[in-house]
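Shared between the two complexes below is subunit A, which pairs with subunit B and subunit C, respectively.
Up next is the complex of A and B:
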């Protein structure tokens, strides 16, 4: 390439500047504010203190919120991983016509481009006490009284997460599976591998970058969620963001920031752990 | 029979996974379709089935100011915001994607900044941007702080898509163009851009829809005037009529229009390419 380094930097400058302004600077300020003091009626006082972190880490309610978030994350990750893997596998290795595979792939991705909030509330007429599922169960005689735990429960929260976020798993796994050279599979079979052997020893290792990327998306989306948990649990379950939200209501930015920092650290540990399995940049740009 | 063969009878796993796929599609679309149907409830209808008559009552209610807040106003902000975000995302992430094709000093710093933009929870960024604006003495507005918040999410996404698109671009085309005497600009505008154009449409689609539907990042940064997702969120807490579903139907029609235009133009380009390829 004759393109000099100067033009390369010009090409990347707008991205770099915007990311500095709207990702790095805000996060740095959150970190700074988390060490500031909060005084009732006055607000933020720029004076160094560790009291916000002390509050966040010693609050029993907060620990429960973290545990609850962790529970949702683990369940959602497990379900979306299994679903995403097998759906991508079906599309890539079982659908023989490439155009049909692309069409089915688009069928899976279209909802991603529509409103999450609308998709979330669309479960209400189905899961509610007088919703479609309960109506069906009652008329089939399976239950005498409406099943109460369908809506406003952990079940509803996990259903919504799976509904909203499985796409984030399917797309990267599909992308890495589609790059697998099919002759490798034939070679494995000729070498005596069983069907499951091929899946386990050939396909799974070759799409681990997709799995890693999808997992990072799902983990961060679930851990940062406030709205699904609020609506679908009806306030019965909480998430870490509840604590942040409550502090924001009283304009306690320092403690909200400290809590946010702790959350970001946990998310980054998760992400770094997953990313260690693969060199994401090499996989993405190769 | 094994996975990956393209002939012979289908293995039993095909039927098993086809069944799973159908269930998944039902799971994906069933709830959405049910609220579209419910949005046509008659005037006495409620939030659940059965349908009590058919009417456009709830669509009328939606645009009658008094009942449901400022839907028209929210829409008149969300649409231009999404369009500007889309344009900015396309220009910036295509340029950056091209730059990333070679390693250069500082490239991984920018890459990791983009990755952090993807990974950090939207709510945290929302707080951060609000605090930054307060710190600078600026007011949060939908066209200022919310625009930046949307870019913090659409740009990394656009960049990821450009990575996927450009990694499939065969460098021999560019070399061939250069051997024939093309300048850098000609290689870019007449070889690279036309080849990756479907990918650029995909970036535009993501830029538009991610901004148009973005909620957590808009939440604190939007200022006094709401965008559509925030307005919908407010409605979920205080509107208990099918008007809420009517709004869902309206915004989904807009989303579907955008998706259809984007996918349709990609399909059109691909078909024309095949035809031209055949003619030669």
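Up next is the complex of A and C:
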């Protein structure tokens, strides 16, 4: 029994050490700095203050940035959820040959062979004022002037997010769907369920864990993103992380840290909410 | 060979010290001080100097050439503006020579992290442009709006933590590279002549204009445009009041809501891409970005404007911890820096060096005529990377060195209300 305990601790030790070193320690540092004072353009002064949190929470601009980030999160989550669910559905239930299904699944990962930045920037020649879409529209006579809202707009930001993050939705949903016993579907059909009834009453509840995990991925990725929103909106749309970045430009680490702590708390609330809706641990050990 | 070079150098050192106009002229004619290295020690090769600065002037090519010429190692660390002041103050020993902008001196000098440069040890000090050393240029007083170089040039002693009101034997830093900035345009797409800063706000360019999203400099471009467009007359463009900042940011936000800004750019390459792709036809720009667009074969003009230029400048500051042989090496590097090679190299980036005379010997007659004298190029002009930037027959935008610097209206600066400006700029970002 005693030996069992020791071996259990030994088994979790590597992961625990990694998490302590690369998650807990840096976050603690951020938390500590968020209570320090800031000296104009010089940086941190180790002296306790709550003024950073006061600034972050009372600043109207900051609230706007949070709303903007929330907007991107909701849109991206909704679109990737619909896309991810139906792509996974197609792969699991419509492609009969398991080899072809796996091959198609791998095709979904092809864009990931290049970096995030390249995938995002590759939208620019497509969406730009003189990009492929505008050239096509103009030569087809659909528009006289190039359509400008395609690039450097919220639209462009969401297109990039959907492109970058849909796979994070597909993978967990695919995983939970693949474990659904096909005889359940047959039983449902035999019992008189319609095709939609099967999707709604059988498949959807059984992939709750996949949807929950995918949503956590997408929410954390979008809320923590700095680069996509800046580049694809041409600096015209704000985000929380951009507010943090602006503070860092002037070495205001304390306020940036306070803002980061608030952001972490909000993301954690989101994640906790999703986890409350679905008991992922139970679903996974099912 | 080395000994011979050393003799030449000793000769020129004496000549400079003598200060006779004729001999000084001879030195200038021969391309200034040559024959580095001038310090000799068994362990000189063990010395490493760390030069830290921003990407546009902290160039690996310079450290390579310096290490080769000087017999010790010069290494380059690139940081952004905030990163430089932060490191100078928080971790001063990690830097030996700081390549700082004029306005940054107002941050680090009071912190006492640098030692003033002993002017007696700078052999070519008399040749340094009066733009820095006397606050005059081409016989006229240089604009004092913003942080002009002369105002921060001197300190009362080696360890003084404030600026002296006039020339002393101690310089805040060794003047380095500088330039006069203006707006970049696509002459083929603007559809009319662009003559004033106010054109940046012109509704004709709605959806085709961009401004740099770097508050300290972006605000200056906005202020130039505001005053030119007749929106407000500033008391001092280099030091606006809170009301003036409010009015400026409100205008920027209004333009943003009207869709005037196609984009706000944060990095050098973004500005190049916006211009090269034709998304934007008029915007804030830095000189090498114009060169980068042109080297793609796309027309781009660094447009001189009626109200004048936004000037900026750098200098090399010595960190306080330098002493003994390492300090000797640092002075050696400073003397080398203005001795010609750097001046020739950075001229092709569109920048100027504090001792133009020595740069001349490192440029062809065609290049000197083009970059400094504002003459037509007699042959194609190529960038340091070998790309063609101008064809024979073309003139440099804005004309000669003298024409440009006689027309600096305002200097990049750290305004008194900077702490007020930054959150206001965030409002513009979030609007």
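We take it that the second predicted complex is superposed on the first by the 265 of 286 C-alpha atoms of A that agree within 3 Å, B and C clash if a C-alpha of one lies under 4 Å from a C-alpha of the other, contacts with A are read in each partner's own complex, and residues count from 1 in each chain.
One rule holds in what follows: contacts are C-beta pairs under 8 Å (C-beta built on N, C-alpha and C of every residue); 3 or more make two chains touch, one makes a residue touch a chain.
Source: prediction; values computed, not measured.
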item	value
Touching partner for A:59 - first (subunit B), second (subunit C), both, neither	second
Touching partner for A:248 - first (subunit B), second (subunit C), both, neither	both
Dominant toucher of subunit A (residue count), subunit B or subunit C	B
Which superposed partner A:210 touches (first subunit B, second subunit C, both, neither)	neither
Partner chain(s) touched by A:68 [first = subunit B, second = subunit C, both, neither]	second
First, second, both or neither for A:40, with subunit B first and subunit C second	second
Partner chain in contact with A:128 - subunit B first, subunit C second, else both or neither	both
Touching partner for A:236 - first (subunit B), second (subunit C), both, neither	second
Subunit B versus subunit C as contact partner of A:256, first or second or both or neither	first
Subunit A residues contacted in one complex by subunit B, in the other by subunit C	124, 128, 130, 231, 248
Sites on subunit A touched by subunit B in the complex	1-3, 5, 7-9, 11-12, 14-16, 18-27, 29-30, 33, 83, 86-87, 89-91, 93-94, 96, 104, 106-108, 110-119, 121-126, 128, 130-132, 135, 163, 166, 175, 182, 185-186, 189, 195, 198-199, 203, 216-217, 220, 223-227, 231, 241, 244, 248, 253, 256-257, 260, 263-264, 267-268, 271, 280-281, 284-286
Complex contacts: residues of subunit A adjacent to subunit C	40-44, 59, 61, 64-65, 68, 124, 128-130, 148, 151-152, 230-231, 234-236, 238, 242-243, 246, 248-251
Touching residues (chain side subunit C, partner subunit A) in the complex	80-82, 85-86, 89-90, 107, 111, 207, 210, 213-215, 256, 259, 261-266, 270, 273-274, 277-279, 414, 418-419, 422-423, 425-427, 429-430
Residue ranges of subunit B touching subunit A (in the complex, touch as defined)	2-6, 10-11, 13-14, 17-18, 20-21, 24-25, 27-32, 34-35, 38, 47-49, 91-93, 95-96, 98-102, 104, 106-108, 110-111, 113-125, 127-129, 131-132, 135, 148-149, 151-152, 155-156, 159-160, 163-164, 166-167, 178, 184, 205-206, 209, 212-213, 215-216, 220, 229, 232-233, 236, 244-245, 247-248, 251-252, 255-256, 258-259, 263
